[in-house]
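In what follows, chain A forms one complex with chain B and a second complex with chain C.
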Partner chain A sequence: MDSSTEADHGAASSDDAAVAGAPEKASAAGPGPGAESEPGAGPGSGAPPPGLGAARSVPRWRRTLRPYLLIVPALLLTGGILYPFGLGLYYTVFDFAASKPQPDPVGLENYRRIFTDSSFWDSAWVTVLYAVGAAAVETVLGVAVALLLHRSTLVGRVLEKVLILPLMIAPVIAAIIWKLMLQPSVGVVNHLLRPFGLGGVQWTDTPTGALLSSIAVDVWVYTPFVAILALAGLRSLPTSPFEAAAVDGGSWWFTFRKLTMPMLWPYVLVAVIFRFMDSLKVFDIIYALTEGGPGDSTVVLQIRAYLEAIRFQRYSFGLSYMIVLWAVVYLAAMVLVRYLGRIQNRAAEVPK
Partner chain B sequence: MDMHGKLGHDRRRFLALTAAASSAPLLSACGAGFGGGDSKSDGSAADDVTGSFDWRRHKGTTIKALLNKHPYTDALIAELGTFTEKTGIKVEYDVFPEDNYFDKLTVDLSSGRASYDIFMLGAYMVWQYGPPGWLEDLGPWMRNESATGAEWDQSDFLPSLLEGTRWSLKAGEPLGRGGQYALPWGWEANVVAYNTEVFDKLGLRPAESFDELRELAGTIKRKAPGAGFDGMYGVAVRGSRSWATIHPGFMTMFSRYKLKDFTVEGEGLKPAMNSPEAITFTRDWADMVKKGGPPSWTSYTWYQCSSDLGAKKAGMLFDADTAAYFQAVKGASPAAGNIAFHPGPKGPDGSLATNMWIWSLGMNAKSGKKSAAWLFLQWATGKEHLRKGAIEYNHIDPVRKSVSDDAAYRNKMKELPGFIETFEAVQDQTRIQFTPQEQFFDATTSWASALQEIYGGKSAGPVLNGLADDLAPKVG
Partner chain C sequence: MTEVRKGRTAKRAASRAVKRRALAIAADGALILYFLFALFPVVWMVILSLKPANELFSTYFSFTPTLDSYRTVLGAGEDEGVPFVRFFVNSLVVSLGAVGLSLVIGLPAAYAAARWRFRGSENLMFTLLSFRFAPELTVIIPLFVLYQQLGLFDTYVGMIWVLQLVTLPLIVWIMRSYFADLSPELEQAALLDGYTRKQAFFRVALPLVKPGIAAVSLLAFIFAWNNFVFPLILTSSEAQTVTVGALSFLGGDRPKYNLTAAAALVSVIPPLLLALTIQRYLVRGLSFGAVKS
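Up next is the complex of A and B:
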């Protein structure tokens, strides 16, 4: 135990020294690795005593290379993301399509077409409605569920485990299951509603119904995600303010409004940001449930991009849709994350 | 300290260099073109096949097939051993359900790789896959006697089917000219199938006109539930927001009214689905669905339509004959034994014009094993396999005259009331009723979306005019 700690320490200090004291070490370092290592400093580590002359045994070229090697994974990852992104961006200034395999550069024509096309604005509106609707309902329900589960009864602990189940189901499968359950003639939902005189509801057959049904499936799948984050937040809150509030006779609503919510909000906001970003990019749930219908009522941006790029094989135009969607998500994320930072600072009482 | 600064500088330079190095392939990749598009027109690989025809020319070769989950495919897969025995060629295959099949195929072909040598496709797909040069023109293979055995017998195919998979690749030009981009393998005519039990009980007869059909559908929806058919509605037709909603019943009835999707004007196409007659027809179709169609119609694909007929939820089905056939086979569904076929309503002038779907087999233009793949196509569309498929399996609706005239096949199909009569009644007027053009999938998907809006209560005129305005620049 002891020796491994020492070895760690030695390694850390050698790293510092690699930068600060490189020249003198280079001259002092003997050719034999581990020549000056102390017994018990860890097998093969060659760690010198902490402080002066550290890492003498590591050849210079390896020390110089180390920082570069360290960033290789990050570089690969960044390249892996940026390369297709850059290529995609490049394609959007052409009119590349299956019917135009040798495309001509068209400048920003694709973007101009998108922004002057009413179907884009319809899709953008539906996307925003969906994202705001889903994120809002999931937040309210998620926090409510977390508050209920926080009372650590046996039921709470059991439910907590059960609650994660929807998160384990692929959203597209959840949507297909819901599509079957919402089917008016054979679905179980209308069968259960029949005694209440609601057996004839045609869930996904009207524009509003289709949008609400899609949001409902999203809520079913992702509320547990918000609930779990909120629950973790609740459990990490200090108990003393609540005890003080209880002593002073604060009501439940007062405690919730003035103590729980302000302290919990940074945790919940993380969940909200995740859910909002994800819902802006929604594809699977809507595609499996309505394919964007009836009419164009649930054609969110991602579905339109998919139809253009994959189904209709107009690659450049479809990619332009994706880039626009990316920009929207990026901007929304920037604003929300900045807000989150402010909230967290306030919660931690860090003056600006 | 100094060193520190130098190192920091080095790192920055390293990052800059790496970024530059990584952007070099990026730019060159962009500059190198967009994949595909290098379709050569310097003769066909079929010309390389010489000498006498030999089934075992490519023994030891392995070819890859992409197949759609379908009863026709089941017959093919079950008989693959026969092919391998005959030719020594091994066939590896992937099967995908129809919902994803065409996306998989489209993405695969557009990537320009030859991951599959052969695949299933519909005649409409030729319009999308043909122009970019993804499909091998099978004409030269068919004409080369060294590559094609005499027993394959091209003249045995129903002419309309060979024509349906042949195109000049020019929008608006009629089918039947140009390259043979696929071979017909099975087909489906869109007709009416109905539940004889409910028809007998309510004293109904199949509709002979579209007006009658609409009335009949409404009557069944009103009366059948009270006559012991719980939850039964009138007519099952497709309604999802997909190209597949337009081509079966809707396009068949549309054509029987002599209506057109597009008209050819000079060099371009003009949308015609918003002509005054087409607007009236479309409104009536949506009205029929509202009064006698399935609940939640906008989610209906052929799977739901077909299973509703089988489950006695639908009194009639206006869709592919096979969609009804698979429910009508003995023991296949609760309605089996009570399903009969009828050509469906005639047009105002008695027309039985019928739109068809041709399940075809095609070859990847990028395939490196074309000669072996051609042997497979010959076998799969040959008399022997198709006859066996039709009689021993469920590969019905033969593309070959020799099979549809076969006594054993006719005996088998006689068990289904009206099947052979219906088939023969529509056969001569059955063809692809769409105007061939590359934007077929966009046009029909948007058309389905417009149909859903009309069904949802919007006025047919403005919706279809909007559709035509949207499509005009894309196809024009």
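Up next is the complex of A and C:
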């Protein structure tokens, strides 16, 4: 939070269409800053300052409306995206499918079917396993990489330049790359493992292996994401507490547990939230790596919805899966973002 | 007595130095290990893409390199029936189009949200943020039906429209944080100098956030380029992009790993090059403005 945004909040309640500048700033510097400085517009300044002609004065309704006019295009576009979402929600109370282009209303039948269907619960379980597994490994590995890079040794400074690489590769392409590498017979991974007696691992051909392999690809792509945010956090931490700890002879582990982690956590938490929410709706990686197989072992919720709605063209039924997932993601987001807000407030109170 | 004690302290200090040195080496070793994991797949793709088709399954690291795969993928060699160059152009067009549209629509909105507080602005911001986290298929399945009725299926316009889901939230959220960082007093001074509000925006505010605009545009371009699920479902051939196209070499009766590798590499070149130019701005971009560096 920077000062001008906070000022926003302060000024907002009294005058709805004005004003970004804080009141005290406004009095010091004339009409409210971000607000209208067409004469007389700032809150508190009654008359136009002399010397500025009335020619430039803009009618009040236009000033009031200005911010709304600026966001109209964005609102329209947002509406254009919300419309299909609403339409999707509406579809779920019908039995719309390619085989039934004239759908009949079925009430909550689609949802009843989903919740009584074991394949939904299987998918939900796989989704949670994937999301928790991927987010956990990425967090630990990402923070570790960030801590190692933060020492900025020569090796670290060189490697940091290419840290971003996997993150910029499309996840689907990353999955293709790993698919080629994990081929049991001709893939390079098994070739490299052969000297260790592990030549014939069936990476994506067993249920557990397929799930672990998908998580591994996710980890490969997204660990840099956590590492980059954690590193930015580390670099912005105040140095004095660490110097004090060094003088007191605190052990590395003590410093890490009592100083680094508590101060770094708000940064890491942002990364964790992004990663957890994104992996709840994983699609690309699993689509390209396993297509949900073997069997149904890696059919996460978005893959299930894809199979139902696009491949079998049961639009209403497939959408019901998505609405359920959307609700779960939304709830998870609310809880996590609220927690983040609390953590950030607490961090702001730590004296620097 | 003191001599002995001094000797002991020195010895302890020396052993501590040795320990620290060993730890430092171990830490660098761990880093190198991680980067081997991170970089090897890319190196392996390069190797695979340079292999001739007949050595694909018989060799690992020693082979006679050839550029045939690239020739085929780029349409200059054997015809595999995959118009990859067209996919590449499609990716360029829809990603640029999506970023352009998002900038035109998103910059005023971001500015308004940073400078005024008014009913609707927070709602808009949070609706946009929820797009970032919404499972894509929730919107795409209805769009799949809708686009076929409207004739937008497999068109540039349809793709640019749906990619707003990716690019618009990013651009609005991050540019709001850049505009909010800008002291309003600068624009105010301009207004006092006789600028109109519009001029103050275009001549004062906009030039000052130019680096932010450049960085966020590139990042939005990368995300649009890397998107897979939209073109997978909403295009079939005319407007298909590289992310979907790269999969097409894996189909068929014999998997063409060398071509797949070449296609994958060609399709990651634009985002990688762009990413290297905006390293400094990535943190704010990746975290939607939640973390600044």
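Note that in this section the second predicted complex is superposed on the first by the 283 of 352 C-alpha atoms of A that agree within 3 Å, B and C clash if a C-alpha of one lies under 4 Å from a C-alpha of the other, contacts with A are read in each partner's own complex, and residues count from 1 in each chain.
Everything that follows uses one rule, which is that a contact is a pair of C-beta atoms (placed from the backbone, for glycine too) under 8 Å apart; a residue touches a chain by one contact, two chains touch by 3 or more.
Quick caveat: nothing in here was measured; it's all calculated off a predicted structure.
Novice: State whether A:Leu336 touches chain B only (first), chain C only (second), both chains, or neither.
Specialist: neither
Novice: Is chain A touched at more residues by chain B or by chain C?
Specialist: After superposition, C is the partner touching more of chain A.
Novice: Let me test your reading of the model: by the given contact rule, A:Leu237 touches which partner, first (chain B), second (chain C), both or neither?
Specialist: neither
Novice: First (chain B), second (chain C), both or neither: which does A:Ile323 touch?
Specialist: second
Novice: For A:Glu291 in the superposed arrangement: first (chain B), second (chain C), both or neither?
Specialist: first
Novice: Look at A:Leu75 in the shared chain and tell me whether it touches chain B only, chain C only, both, or neither; answer first, second, both or neither.
Specialist: both
Novice: Thinking of the overlay built on chain A, is A:Val93 touched by chain B (first), by chain C (second), by both, or by neither?
Specialist: A:Val93: touches no partner chain.
Novice: Please work out whether A:Val132 is in contact with chain B alone, chain C alone, both, or neither, and reply first, second, both or neither.
Specialist: A:Val132: touches no partner chain.
Novice: Contacts for A:Leu307 in the overlay, against chain B (first) and chain C (second): which applies, first, second, both or neither?
Specialist: In the superposed model, A:Leu307 contacts chain B only, not chain C.
Novice: Which partner does A:Met263 contact after superposing on A: first (chain B), second (chain C), both, neither?
Specialist: Neither: A:Met263 stays clear of chain B and chain C.
Novice: Counting contacts the way the document defines them, which residues of chain A are shared by the two interfaces, the one with chain B and the one with chain C?
Specialist: 19-20, 67-68, 75, 82, 87, 91, 96, 179, 186, 310, 315
Novice: Could you list, by residue number, the parts of chain C that touch chain A in their complex?
Specialist: Those residues of chain C that touch chain A are 24, 27-28, 30-32, 34-35, 37-39, 41-42, 44-45, 48, 56-57, 60, 104-106, 108-109, 111-121, 124, 127-128, 130-131, 133-139, 141-146, 161, 164-165, 168, 172, 180-185, 187-188, 191-192, 194, 196-197, 222, 225-229, 232-233, 243-244, 246-247, 250, 257, 260-261, 264, 267-268, 271-272, 274-276, 279, 282-283, 286-287, 290-291, 293.
Novice: Touching chain A in the complex: which residues of chain B?
Specialist: My answer: residues 3-4, 7, 11, 14, 18, 22-23, 26, 29-30, 33-37, 103, 106-107, 110, 128, 131-133, 231, 233, 240-242, 294-299, 308, 311, 313, 438-439, 441-442, 445, 448-450, 452-453, 455-456, 458, 470.
Novice: Quick check: in the complex, which residue numbers of chain A touch chain C?
Specialist: Per the touch definition, chain A meets chain C at residues 2, 4-5, 8-9, 11-12, 16-21, 25, 29-38, 52, 56, 58, 66-68, 70-71, 73-75, 77-78, 80-82, 84-85, 87-88, 91, 96, 141, 144-145, 148-149, 151, 153, 155-156, 159, 161-174, 176-181, 186, 188, 191, 220, 223-225, 228-229, 232-233, 235-236, 267, 270-271, 274, 277-278, 280-281, 283-284, 287-288, 301-302, 305-306, 309-310, 315, 318-319, 322-323, 325-326, 329-330, 333.
Novice: Which residues, counting only chain A, touch chain B once they are in their complex?
Specialist: Interface residues on chain A, with respect to chain B: 19-20, 22-23, 64, 67-68, 75, 79, 82-83, 86-87, 90-91, 94, 96, 98-99, 101-103, 119, 179, 182-186, 200, 202-207, 210, 290-296, 307, 310-313, 315.
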